[in-house]
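Note that the chains are named A, B, C and D in the order they appear, and that numbering of residues resets to 1 at the start of each chain.
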Amino acid sequence: MTLAQRLTSEALGTALLLAIIIGSGIMGERLAGGSVAIALLANSIATGAGLIALIAAFGAIFDAHFNPMVTTATAFLRYLSWREAGLYMIFQCVGAFAGVACAHWMFGEPTFFASHHARSGAAQWWSEFVATFGLLSVIIGCVRGRPQAVPYAVGCYIAAAYWFTGSTSFANPAVTLARMASDTFAGIRPADALPFIVAQVAGGLAATGVMGWLTTPPGRKNY
Amino acid sequence: MTLAQRLTSEALGTALLLAIIIGSGIMGERLAGGSVAIALLANSIATGAGLIALIAAFGAIFDAHFNPMVTTATAFLRYLSWREAGLYMIFQCVGAFAGVACAHWMFGEPTFFASHHARSGAAQWWSEFVATFGLLSVIIGCVRGRPQAVPYAVGCYIAAAYWFTGSTSFANPAVTLARMASDTFAGIRPADALPFIVAQVAGGLAATGVMGWLTTPPGRKNY
Amino acid sequence: MTLAQRLTSEALGTALLLAIIIGSGIMGERLAGGSVAIALLANSIATGAGLIALIAAFGAIFDAHFNPMVTTATAFLRYLSWREAGLYMIFQCVGAFAGVACAHWMFGEPTFFASHHARSGAAQWWSEFVATFGLLSVIIGCVRGRPQAVPYAVGCYIAAAYWFTGSTSFANPAVTLARMASDTFAGIRPADALPFIVAQVAGGLAATGVMGWLTTPPGRKNY
Amino acid sequence: MTLAQRLTSEALGTALLLAIIIGSGIMGERLAGGSVAIALLANSIATGAGLIALIAAFGAIFDAHFNPMVTTATAFLRYLSWREAGLYMIFQCVGAFAGVACAHWMFGEPTFFASHHARSGAAQWWSEFVATFGLLSVIIGCVRGRPQAVPYAVGCYIAAAYWFTGSTSFANPAVTLARMASDTFAGIRPADALPFIVAQVAGGLAATGVMGWLTTPPGRKNY
């Protein structure tokens, strides 16, 4: 496919992903009557199921990264040039903010409004490291060994990671930036975003190194 | 298969789909003791899981559209003649109303009774645009790139869309018409149905245009 | 495989299925603190997920019917002799009761104790007709068009049917008989079992006829 | 792959599995406001979904046992030497404890602290026998008949087994040992671990014998 098609796919898919994350968070919180567990249950099931649908639909024809760390790992493992990787990331971020606006309009909220949801501290940062390490491990393992399982593995992983990490698993710098602009269930205070992204980059790079070595048969190069 | 078999399949499948949507809405609301979140959790899991089963069962031998907008997109992309598409839509609507009656009998409700559930306003209409845009994007992307994933992608998408759209995602004109005839959890006031259907048609056509271009390799015609 | 292996597989798989149905019903009810919706959510997710695992594990090497109506349909469509079908049904019933005992021991309940759970009336019987009609339709459609999807389609169908039918979808005569012997969440009063089984047989035969015709290409015999 | 790669894979995968089990238990309990059913719903969905992702990612290139009983069965059926099986088990146990520490840090808990969660009595031990018997049956059946379904079958089985067994299904000696070191939702009192492991070994060996015979075509050796 042409680069224009691939970049449009990244932007459109990331927009739909953010619409799912933000929208199901709003709906879950509105209906749950104060029970955070039930709101997160709805949020996690919707996000996991939505990811399965999006990656199945976009991932066979395009790359379906929807995540700058996935794009970075792909460039590190030499599946993608760094120039194209940079363009991917720009379109992912644009799509992510568009998806937040799309979700807000569906629930009668302002187009953008800064989050006041504090998410900080060492436990949260360690959570983002682990969440991104796990996500990239799952993706690299599946891409190299069982590529047709990628949509199901990624969707199931994220549904689980909403629960097993202390930060509910952002694991995606573009998603983190866009969630700053939503003062709803899934938001994050702008002041807290940078350490999250640093932790995600560290976790993603660690997984790229470990899984790159682990999945390379002896005698072959790592990439 | 003969046209008679294909039309019967559309009617039967759409009837079972409506039985699932309406029936699980009634059961969810009756058991949830006032918690709308838990009722919607049951309704969304049942509808998503039921769609996986129905499309897996009917979609390998037949078309398994169960949705006039899917049939419209199929005709636009020239997989189906407009004459057969019209017949599909008639049988989908007949099946949808039969499914509502089937569900009502299972719960001791009247065969048909008009809904009083108000669903109106710009946020709702935008939600239906987004819901149908996303559904058609998922279907077109999967059909062209990963056809064996269609049942899982569609079922997962609808389970997610019940949560991430403000309207709980009707995304289907035949379903919208039939849900007018059910004064239960999943119903819609007859006066509110037309704008929903207009928004669905707009969203479906937009997705058909965008995804048709996006998934066509350069140098080939769009259909 | 030998007949002894196939009969053992039917008994063992049906026993595990009943352990899942009864056990998750007991656990759900004990933990849910009076919320029937949450108990049924646990019961339906556990049964659907358990069926996926059991049919995936037993269904590639054996038949994995675990249900006399499925065996009957298989014999009608001439995939199995009536003599072997009769033996299958006997082993399914024996396995079903063994599974109930197995579940009761896991929760410190008596081996068998008659249920007092009343399930009667036309809405319940119509529910069982619909539940079994849908189950057999899903199975016949998948077996003829997409056999590798059978475990997922059946598991997802049953998870949905717990919610969209008024009877929570027994849809299986061996399961109905065995659930008489459990005075727990999933039980049924012995006096109510016979009409359930009659409705299941009627629904199953109707689906066998309709889907047998529907899935047979013109010019071929139905079986 | 080299032995070093396979052992690293067992340790890393088991660590991620424990992080999922312990972490989602903590999050579920903290958010559920006293409802054990909702905490277990989150715990079971997260563990089942996480297992699908982990086995899909690690299981195509490596073995992805993550469980000494699975390694034992593999050695019994002669797919693995006993020497390598012993090394697998050591790395699984090391990984399991690392995963517990990883989860505790994500939630601001001590690295290790002994559980006070009493789990004892015949019903619990019988539950562990059944849980492990079922798990090994599902794995052996899938590996021999439908290997590409292993991740989905195992994840779905465990999600179901959290509900249908009286012990919430540990079914894994390495997991049992590591859960002693966590005084949280998923923990087990150290004094109660040994009978659990004995029951798991008995159930796993029984399944290996029964399913080994059941899935071997007549005229071939069992292994």
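Everything below uses one rule, namely that a residue touches a chain if its C-beta (ideal position, glycine included) is under 8 Å from a C-beta of that chain, and two chains touch if they have at least 3 such contacts.
Please read these numbers as outputs of a predicted model, since none were measured by experiment.
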Chain hops separating subunit C from subunit A, counting only touching neighbours: 2
Smallest count of steps, each to a touching chain, taking subunit B to subunit D: 2
Self-contact between copies subunit B and subunit C, residue sets same or different by half: different
Rotation, 0 to 180 degrees and nearest 5, that superposes subunit A on copy subunit D via CA atoms: 90
Cα-centroid distance, subunit C relative to subunit D, in whole angstrom: 28
Residues of subunit C whose C-beta touches two or more other chains: 35, 38, 41, 45, 152
Listing of all chain pairs that touch each other, if any do: A-B, A-D, B-C, C-D
Subunit B to subunit A touching residues, read off their complex: 35-38, 40-41, 44-45, 48, 121, 123, 126-127, 130, 134, 137-142, 144-146, 149, 152-154, 156-157, 159-167, 210, 213-215, 217-218
Subunit A contact footprint on subunit D (complex, rising order): 1-2, 5, 8-9, 12, 16, 19-24, 27-28, 31-33, 35, 38-39, 41-43, 45-47, 49-50, 52-54, 56-61, 102-103, 105-108, 148, 151-152, 155
